[in-house]
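By letter and in written order, the chains are A, B, C and D; residue numbering begins at 1 in each of them.
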Amino acid sequence: MTFPDVAPCGRRTALKAIAGGVATLSLFEASMLLPAYAADAKDWPADAFKQKSEADALKLLYGKSAEPSDKVDLDAPEIAENGAVVPIAVTSTLPNVTGIALLVLENPYTLAAAYKIPQGTQPAVASRLKMAKTTKVVAVIESDGKLFTASKDVKVTVGGCGG
Amino acid sequence: MLRKLLLLGVLAFGAAHPARAADTVDPKAEFTAFRAYFTSRFPKVALDDFVNGPYSMDEGLRKQWKEIEEFPPYEFAVDKGKELFAKPFANGKTYADCFPDKGIGIRQNYPYFDPKSGQVITLELALNQCREANGEKPLDYQKDDMAALTAYMAFTSRGKRFDIKIPDDPRALAAYRKGEEYFYTRRGQLNFSCASCHVQSAGNHIRTEVLAPALGIMAAMPIYRSEWGSMGTTSRRLTSCNSQVRAVPLPPQDELYRDVEYFLTYMGNGLPVSGPGARP
Amino acid sequence: MRCALPISLMVFVAAAGLTMSALAAPADDFKAAYAAAERASKQAAALKTQWTTTVATLKAAQAAATAGKYDEAIALAKQAQALAEASIAQAEDQATAWKAGVIR
Amino acid sequence: MASTIRVRAVAGAETTEVQSLIQHPMDSGFVKDANGQLIPPHHIEVVQFEHDGKTVFTALWGPAVSKDPYLKFSFKGAKKGDELKVSWVDNKGASDSLIAKIQ
């Protein structure tokens, strides 16, 4: 099930897309169809960000489960310099990427960030995340409607001396 | 716990010297020895790279640092510092009127010894002296505006070589010596000196962090530490180091802090300004 | 068990001692212990060698006293004094010992 | 008040690389302040990048994104001099936006 092309974003194509069975799409995916002119809080999948497990977060976010793939490249440090600012970068050679998500499994809420990748945008993103403790970090790529993951372990401890 | 402390208390009571042995103070000779210590101990580290502290010592940390430096969080502090630096005081004057070259590209000359006051003047002290001379209240030495101002002034001096002067004036030599003494004196319940970490253990890990070598350690000031989540000045770094070894810090810009900054920055002469710096 | 006797003797004396001091108001004992600790702490501060743990223990001693827990308060005051004295010893030792570490 | 958004967008042959840094505390709600009180969650939820009236990137952030959050991505179809609109909204309804020129 590939996403209806949002651009050019004429009323007719948008309406046809919505008529085309929005019921099967989760709220998150449906909201991708509507053009938004500024960041809109309604786009934010609050429930997905409250989940404690990877599977639950992905179920709410994409409505499906994921499988590992070597076509997803996750760059994360082996030992985090500081758990408050951990540089993370993910890229993929998979086709038609429409979404990327980053999960930090040992954080109180596993989903750290999700990104919508419209047509014409490269399947790669870099960011800086917070990690509560030593954890597995999972990158999820949504390609042709299916989810593929790569993961890395990041050691996180308190920095510095005494106190 | 008490027993350990009593043991510490029974340290050999060094007989107080009736009169301090008049040891001569030779900054130049000590400069050469100081530099030789670090360059021979870390032969693979390029001299100029010492200003990057832990990142000249550990590949994994360096990679993360490089990524953060692409668009570092201290950008906001530099922009705010630039804005504050240009904002006139109530009397219409600005910081530019207090500093040589209008305050641009001069960080490499601080701290300097001021013969008139007989004091070591650090950049932070000079900024507050400028404010007070123009009828403004002094700033908190450790964070916020002072950190933003010194970040901007360091940014405008990036790459310039440190050029700290110790004039042939007994008061200047005394300040250098007191700074050196502070640097090597063990303090706090953990009984560490600056040298315990930044000389003997330079390059070693302490939890996730790597101890920066003392050579060039002042070059990146002020620093934005991920730990603080904000910009901090040399004063903030020195006082927090004291607390970490459980020594009660002196007031920021206390004479001893300014002397140790004078001593340490002098030891980094010739190295490039790398502030403001991002640190763990 | 020859050595047992002296120990039991000591225990007896200590118990007598305790009953004796129980008569003197514990608050006065605390004041004396706290004053001694404070004197040592002030001296440490003057030598710029004060430890953060001395300050914290003094505060804890004061808090325990205000809460009426005098035994604990006295113990904490004594510990604060020990910390202060250890920091003074450290400063006196370091007044000369620092030179050993200088890179020459 | 200076904008909370810093953007560097550079048009390459194929794609335009965009880096952004936004000034925001990104409080997670799990951190205590000096006197032991929990600092309530206060973080950006949605960041939107638009070029030529079309959304080219949307970020959905939770409390685990670092303070003064950074983002890098790239997209096709823009050239030097074009405008790139950036906007964000946080969980308290605060927001900011900026129109940057692609270099």
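To be clear about the criterion, a contact is a pair of C-beta atoms (placed from the backbone, for glycine too) under 8 Å apart; a residue touches a chain by one contact, two chains touch by 3 or more.
Computed from a prediction, not measured in an experiment: that's the story for all the values here.
Novice: Quick one: name the chains whose C-beta contact count is the highest of any pair.
Specialist: Result: the chain pair A-D has the most contacts.
Novice: Calculate how many whole Å lie between the centre of chain A and the centre of chain D, each centre taken as the average of the chain's C-alpha atoms.
Specialist: Centre-to-centre distance between chain A and chain D: 16 Å.
Novice: What whole-number Å value describes the gap between the mean CA coordinates of chain B and chain C?
Specialist: 36
Novice: Roughly how far is chain A from chain C, centre to centre by C-alpha average, rounded to an integer in Å?
Specialist: Taking the average C-alpha coordinate of chain A and of chain C, the gap between them is 58 Å.
Novice: Could you state the distance in Å from the CA-based centre of chain C to that of chain D?
Specialist: 56
Novice: Quick one: which residues in chain D touch 2 or more of the other chains?
Specialist: 67, 70, 72 - these are the residues of chain D that touch more than one other chain.
Novice: What residues in chain B touch two or more of the other chains?
Specialist: Where chain B meets two or more other chains at a single residue, that happens at 68, 73, 229, 243, 246.
Novice: Quick check: what residues of chain C touch more than one other chain, meaning two or more?
Specialist: none
Novice: Check the chains against each other and report every pair that touches.
Specialist: The list of touching pairs comes to A-B, A-D, B-C, B-D.
Novice: Sort out for me which residues of chain B touch chain C in the complex.
Specialist: 1-2, 5-6, 8-14, 16-17, 23, 30, 33-34, 37, 180-181, 184-189, 191, 193, 195, 199-200, 243, 246-248, 250, 256
Novice: Can you list the residues on chain B that touch chain A in the complex?
Specialist: Residues of chain B touching chain A: 60-61, 63-65, 67-68, 73, 190, 197, 206-209, 226-227, 229, 241, 243-246, 280.
Novice: Residues of chain D touching chain A in their complex?
Specialist: Those in contact with chain A are residues 15, 26, 28, 30, 45-48, 50, 53-67, 69-77, 85, 87-89, 91, 93, 95, 97.
Novice: Any idea which chain A residues touch chain D in the complex?
Specialist: Residues 6-7, 9, 35-41, 43-45, 49, 84-86, 89, 104, 107-109, 111-118, 120-122, 124-132 of chain A touch chain D in their complex.
Novice: Given the complex with chain B, which residues does chain D contribute to the contact?
Specialist: 2, 6, 8, 19-21, 23, 67-68, 70, 72
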